[in-house]
Structure formats: structure tokens, C-alpha cells
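The structures considered in this document are given below.
After this come two complexes, each holding subunit A, first together with subunit B and then together with subunit C.
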Partner chain A sequence: MKTRYAIETENLRIYYGENEVIKGINLKIPQNTVFALMGPSGCGKSTLLRAFNRLLELNKDARVEGKVMIFGKNIYADDVNPIDVRREVGMVFQYPNPFPHLTIYDNVAMGLKLNHLVRSKKEMDKRVRWALEKSSLWNEVKDRLEDYPSSLSGGQKQRLVIARALALKPKILLMDEPTANIDPMGTKNIESLLFELKKDYTIVLVTHEPAQAARVSDYVGFLYLGKLVEVGPTGEIFEKPKHELTEKYVTGVLV
Partner chain B sequence: MSGYRLRKGKEVLFILAISILTFVGILPLFHIIVTVFMNGLPFILERGFTFITGTLGEGGIGPAIAGTFILIFLSSLIGLPVALLVGIHAYEYPDSKIGRATKTLLQIMLEFPTILVGVFAMSVIAIPMGTYSAFAGAFALAIILMPYVAVYTQEAMRQIPFTYREASFGLGLSRMKVIFKILVPLAKRGILTGVLIGMAKVAGETAPLLFTAGGLYQSYPTSITKPVGAVPLLIYTLVQSPSKADHAMAWGASLVLLLIFLLIFIPVRLSLREVKL
Partner chain C sequence: MDRLHEELKELKRRVIKMGELAKEMLWNSVEALKKQDIELAEKVISRKKKLADMDAEIEEKALQLVALYHPMAKDMRTVACILKAITYLTRIGRYGKDIANIAKELSNKPHVAKLVEIPYMADIACRMIDDVLKAFETEDVSLIKDFEERDDSLDALRWSIFRECITYMMENPSTITRCAHYMMIARYLERCGDHACKIAEKVHYMVTGERIEIK
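This part shows the complex of A and B:
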């Protein structure tokens, strides 16, 4: 059976002003996998990730060339509205950022409410519960849905953000170093959550920790100075990398 | 050991110095409040409730108090919507030509001599209408209120970390929804502070009302197209009078003005829930 690709890029180049930061990337990410994008700080991981849901456009200096296909459709085509792309491709950020002025419930419900995707309160309750169960936060917050997220731990906040993204029923979930600001226990919870989530979603995880990529991903891409040095199944990349740079990076020589 | 004592000594001296300077700095504020209370309170107690509700003929400043509240309300009604939109625009398009010009203009307007605003409102509203009016006064005050609220709005929005902006757009929301449904509520506390500061500022203004509001103290205002009084304007008039009784009354009115000012400022600030980012 032919694998269907969730994300494909064709000669993708990204510039900040005159500065080329992503230098011609061809990448295929299969459906229902965890794809880890690893590389040292400043290599362009976060930039590349933000090209997958057109969030990059919030930065006025950024310019994209080439194609990004989401399930075969180029999201940079003229007739594509970035709003639709972002509903289909959810995002989780490096710093756990639930909206501090909204309750736990409203954090999950807000995207649905403002997009008019849910009609009744009952349906909303169901969807909020579903999203919180999916992000395995429900049991911890079910009795305090009206509390504010400031009462949650870092790991819980991050799972709340995951629920907020899942509530819109995206097909792809982008995660930009989701455990960088979280304690080890919280990190463990989120990593095990990834195994559950990939049954229904395709996950692209940016990490600067090779060990994390090795633990959770099915495929790995190694990005260095804006170029994709090597990409392949996680086992192969870590056991017998083809490229010297990759070997240096996974063994911790190159940081 | 002696080096340590020298260091400690310097530190104590420094703290002492800044404490004294701070005290000197805030002394005028306390002096104003204490003087106003000491001179105003006995007068108000003597006149009793009539002072707050009665007309000038009855020995009260009721119409002036009513006028001040009417002017605050009307100027907010005119000024706030404009101010909020200007502030949001300056935040959202900081690098556009209009955005940059707006920021500069707001800075100028903040420091603009308020008497000129009064002259302007007189020439475009009071003269064409042929009369002083609450509307003309409120229009002048709205122009004074606007830059405060706009600058505070822009500043409050600017302080929202970028990650919340990304998160909002990440939910597939339009720019309008991101701004008005998520970011503005997120900056609510800062924006409300600006609104209150703007209102407190116009509550105490005298100069822009001189040629616009006119003054009305012998009866309560009935229409926004007719002259209206205001507490600061009344104080100005009373102090100019040669009569001692009028001066005493001016102290009473000053205390009322101070209380109106604090009434706007303190409770809402306290009751706003702190938003932790």
C-alpha cells in the first residue's frame, strides 16, 4: 500500500529579509507517525515548523518559497486561506501558553466557540471533555474546570494546550520543543501521550535533544544550518547514520 | 573586616538618602490631601447634606457635581471608542505610516496645552451652536482623554507576550477575532487602568471647560445642549471671588473633587483581578 504523506515539502526555502534560513528542503512525513525534527539551537527547526501551518506569516520579515503540501494540497497556493490551514494543523508551543485570563474549560472551548464550530452547550461540554481526555488531563481537572490555568503545573498546562489544539480536531499536530520548559515527570507524561496521539494524528516534534527524538519518534530529520542533513527511520539514524554530521550530533559531539 | 563595615556603612547611608528624597518627593501629595481635608471637611460638616445636593443659592454644589459626572460620562462616550481603536491600531500596525504618525501624534496630544483644546472646542462647537454646552465641554474633554487611553491601550497590548498571539492565530482565528476576542481581554487590566486614568484626568480639568461648558450652579442641568457646571470650574470661580465665604466653599468643593478623583481611581483598581502571564 502506498503511504499517504501528511506533509510534503518541495524545495522549501525561507528567508528573513535577505537572510536565507531554510535552504531548500525536500521532506516527506508519513501519516500517523511521530516525526522528530532535531538539530542544534538556531538551525531553523522552529522556523520550518511554522511554515507547516503558515504561522510564520505573523513575522512580517519572513518569506516562503517552494511548496508545502498538507495531505497533497499546497498550502501556499493563492486560493488557500491560512485560517483553514491552521485549523487543520494544530500547534503546541515551547512555553506552555494557555490563555491566563480564561478558565481551563474556556481555554479548550475558545477555538470552537470563536470559530462557531459547536452549536450547543451540551455539545461543547462533550467536546471539551473529549479533548481533555485525549490529552490525558481530564482526571486531573474534571473537578476544577472553572479554575484558571495558573493553578496547574507546567506539564498540566502543556497538556491543556494540547487539548486546546485537539479540540479543533486537526489532522496534524506541530510541537515546538513542548517539554523544554517542563519538569522530568511532566516530560514523561507528554512523551507517553505522543504514543497515544499518533494513532489519530500525525505529529511533528521539534526537539534539540537527540535522546528525546530517539525515545519517541518513528522518523527523524536532522536539520543543520538550514539544511536537512539526513532523514530516515529513527532506528537507522541513531544506529548507523550515513552522514558524519549526524553521527556527531547524535553522539553529542556536535551541539 | 573594616572593608565590610565601610561597605555596610555606605549602603545604609545610601538607603537613608533615597528614603529621605522619596519622602520629600511625595510630601506635596500628602500636603495637598491633608490641607484639603483640614479646610474642606469642617465646611462640609457644617453645611451638611445640603452642600452635596443643594444649588449654589441653597449653599450647595449639587449642580457642579452632577455636571462633573455628566461631563465624565459624555466625554468617555465620545472619547473611549475612538481611543481604544486608535490604541489597538497603533499596536497592530506599528510600522505602517499611519501607525507611526499615530504614535507621534499621541505623544504630542498627551502634552498638549489643554487650554488650546478648549479654544478649539469653542471654535468648532460652542460658537457654531451659539451657546456653551455640556456637549462642547465633553468634546474638549474627550480630546484630552483620548491620548491617555490610546497610549495605555497600546502599551497594555504590547506587553502581551508574542506566544499568546501565536497561540491565538494557531487556533485558526481571523485577525479581528484574535485581537478583539483574545488579546484585548488579555490586556483588559492595562486598558482599564488607562481608561480610569483618563477619566480621573478629565474629572479634574478646568482650562478646557472655561470657554465650552459655561457653568451652571443655580439649577441642575437639563440638556446636553445647554451650559453645564463642573466642580473644578466652580472652584476656579469661587477662588476669584473676594468673599471669604466663597473661599471656604471652594475648600469644600476641593474636598469633593478629591473624593470624586479617588472614587474613580481606587475601587476599580482594587477589584480588577490580577492576570498572571
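This part shows the complex of A and C:
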């Protein structure tokens, strides 16, 4: 089925044990956009994000009801392998987490090796370079690919992790507060990178910082206590939100 | 209340003070004209610098708020409203100064006729300024809902003064200078009503997020 949406959810509910944390969400994320999920701590943003690539089921307490469609296909259908889903829908976490014992090169190459996606060293070199170029890191590391990630700054580490995700050629990138632990310059680099990446990918960004959502996203979804309060084009959400709760959140008076 | 909202509240208070100064300049200029009171006219003219200073200070503070706090939604609309409103208020105050200059010029000869419509226009314009400042302060947009009618009244009065002046000038050419000034003053007061309407549009946007046009 053809769709112009990268991700669609239908009455998505997520439980941790008896506790319902995502309460019936219907959401459509258009392709090749940056979609920001915004909301206060504990509102369910990261949980929702983890439902988009079935990472959630690594938590035994978690239970998902409803549908999540990636390019029109329900990823929770019985015949779907979660490993395939995660290859198509990459993830970048809050703390830059490159493998510390692997070189910069191997960090990017690891996923490709494990999945047997490339056949020759030449092909591997090409793909590693492509991924590092895509994540705007190539020029900074091309002469020290055999160094360990400990020699990189926080922002560079995060771009290395993005390169690692991109190497698998996903269609969607999920990012969970990717700049929360990065200095302003590193944040700026990653935000510029998002602009570049959305030409080829759909990006879902979780942030608790409204200013970041305003700077980088095309659409914003405001999540509060497990419910999607409002979704809309970024300009509208920050200029004249329709819902009082959104207004309170973006003006910083939501307690 | 957090720091941004404290500062916005203080900034709004300053805008209201500036608005009161602009209105006072306009009102006193017409009083000076009516009573041929040179001293009062001079006083209005001397307020020009204070008005310009307030305009510059508020603008600087508003831009500082944007730089420091990145206001969003209603906070952002409030800053946008303030930045536009102070320009309109400056123009209103400066029309007061212009009328005060005319009042000085016309103080040595009696008026062509008893001034009725000009003070009446000033009364309508000043009430509009009062109400729009009140709406800005209280966020009660019902105070500006009849601005279109009030603006129409100002337009009608302006044309009425124009026709009356034409009659005087045709009857007696020695009244031409004074009548030309009256027509200018009527035009200034009508413009002040327009500026009050523009502020009202911005206040409506600030409160509701919806843009309206008061014709």
C-alpha cells in the first residue's frame, strides 16, 4: 500500500504492567520531515518513540495495543521480524554511546558486518565513508579512523552514532533528545545535520526543549500525560497553539 | 511567576505609561488650541523627547527579552504587539506635538468659529486610546469591538470639518490660513483614530492569536 506517511499510529496504547502510559494515540508523520515530539518529563515521549521500532518489547513489562504502520505496514503484525524493523527505523539515544572498544571506523562498520550487508573491504570503506559524510563527520575524522571514540568531543560522538545508524541505510531515524548532553556548538552541528538528513530520511525527534523543536522541526506533536494534546505545523504551534495546555507548555507556565 | 513573565508584566506597564503620555499630549494639544494656551502647547512640545526615549527603551527591552528568553506563543505575540504598538503610540504623541505647534501659531487671533468638532474628535480619539490600552492591560477584547464604528465617526467628522472650512474660506479668504490648519488638525485626529485601530488589531492578535482588520 502506497502512503505519504512514514509513520502512522492507530489507537496506540502502551502499558507498563497495569499502568497505561500511552493512551490511545492517532498520529501521522509525513515522509521527509522532521517531526518533534515535545512534552514534559515523564509524559511518554521516549516510550512512544521506542514503539516506532519495536525497541519497547526489550522491556518485558511493556505491552503494546493498536497499530504502528511504517510506510503503510503494521510493524506489530505476527509475520514481522523486529530486527528488520530496527534496520529500517534507526535510533539515536540521548547519551552518545559509540562502542568504546572499537575504532571510529569499526563503530560505523559494525552493524554492516553483523548483518552481512557488505561483501568486500572496498565496499565497506565506501559505505563507512558515505555514512560519515552523511553525518558531517568525515572531514573531522578521515585522518584518524583507527582512533578510538574517546578522542572525540560529545557532539562528534553523537554524529558518529548517527553515522552508525545511517550505515544501515534506514528510512526513518528516531532521535531521543540527541543534544541533551552536548555543548551549544555540537548542538548547532547536529541541528544543521537534521536539515540535511530530512532530504533522504524521516526524522522523529524527542525533545523536552520547546526552543529546539521550534528551530529544527517541520511538525510538532505535544504529548502530555500519555495523550497527544495537539499536532500541527511548527510555526502554528509556537505562534498560536490551539490547545490551552500547549500554550502553557510552550510559554513555560505548565506546572 | 518566572522571570520572563515578571519582565513582560513590567514591560506592559511601561507601554501603558507611554500610551498615557501619548494620549495626554494629544488631549492637551487640543486643549491648548481651544483655550489658546501657549504655555500648555509648549508643555506638550517639551514632552516629545520623553516619548521618544520611552519608545527606544521599550524597544530595546523587548528585543532583549526575545534574545534572552525566546518567548513563544502568547508571550511572543505580546512582544510583537508591544513592538508595533509603541510605534503607533509615538505617532499619536507626535501628532499631539504637531497640533501644539499649530495651537501656538493660532494663539494670537480668535478662532474662526467656536471649536466644537475638533474637541469632539479629540474626545473620540482619546477614548479609543484609553480603551485600547485597557484592552492591552486586561486582555479584554470586548473593549475594542466597536472601534470600526468609532473610526467611521472620526472619518465623518473630518469631512464635516473639511466642508465647513471650505465654506469659511470661500466666504472670507482671510480665514484661509486658520482653516487650513483646522483641516490639518482634523486629519491628524483622524489618523490618531487609525493608529488606535492598528493597536487594537495587534491587541486582538496578542490575546487570541487571530489577525483581524479594522477597516
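Everything that follows uses one rule, which is that the second predicted complex is superposed on the first by the 251 of 255 C-alpha atoms of A that agree within 3 Å, B and C clash if a C-alpha of one lies under 4 Å from a C-alpha of the other, contacts with A are read in each partner's own complex, and residues count from 1 in each chain.
We take it that a residue touches a chain if its C-beta (ideal position, glycine included) is under 8 Å from a C-beta of that chain, and two chains touch if they have at least 3 such contacts.
Quantities reported herein were computed from a predicted structural model and do not represent experimental measurements.
In the superposition on chain A, no contact is made by A:138 with either subunit B or subunit C. Once chain A of one complex is fitted onto chain A of the other, the partner contacts of A:93 are limited to subunit B, with no touch recorded for subunit C. Residue contacts after overlaying the shared chain place A:130 against neither subunit B nor subunit C.
Once the two complexes are laid over each other on the shared chain, residue contacts for A:58 go to subunit B alone; subunit C is not touched. When both complexes are overlaid on chain A, the residue A:252 reaches subunit C alone and has no touch with subunit B. Put simply, more of the residues of subunit A are touched by B, taking subunit B and subunit C as the two choices. Looking at the shared chain after the overlay, A:83 reaches subunit B, while subunit C stays out of its contact range. Touch criterion met: A:210 reaches subunit C, while subunit B stays clear of it. Using the contact criterion defined above for the overlaid structures, shared-chain residue A:241 touches subunit C, although it does not reach subunit B.
Of the two partner chains, subunit B is the only one touched by A:161; subunit C is not. When both complexes are aligned on chain A by C-alpha atoms, no subunit A residue touches subunit B in the first and subunit C in the second. Remark: subunit B residues 95, 161, 163-167, 169-174, 177, 181-182, 185-186, 188, 275-277 touch subunit A in the complex.
Interface of subunit A with subunit B (complex): residues 53, 55, 58, 60, 83-87, 90-91, 93, 95, 97, 99-101, 110-111, 114-115, 150, 161, 164-165, 168. For subunit A in complex with subunit C, the residues that touch the partner chain are 210-211, 214, 238-241, 246-247, 250-253. Contacts from subunit C toward subunit A in the complex involve residues 2, 4-5, 70-77, 209-210.
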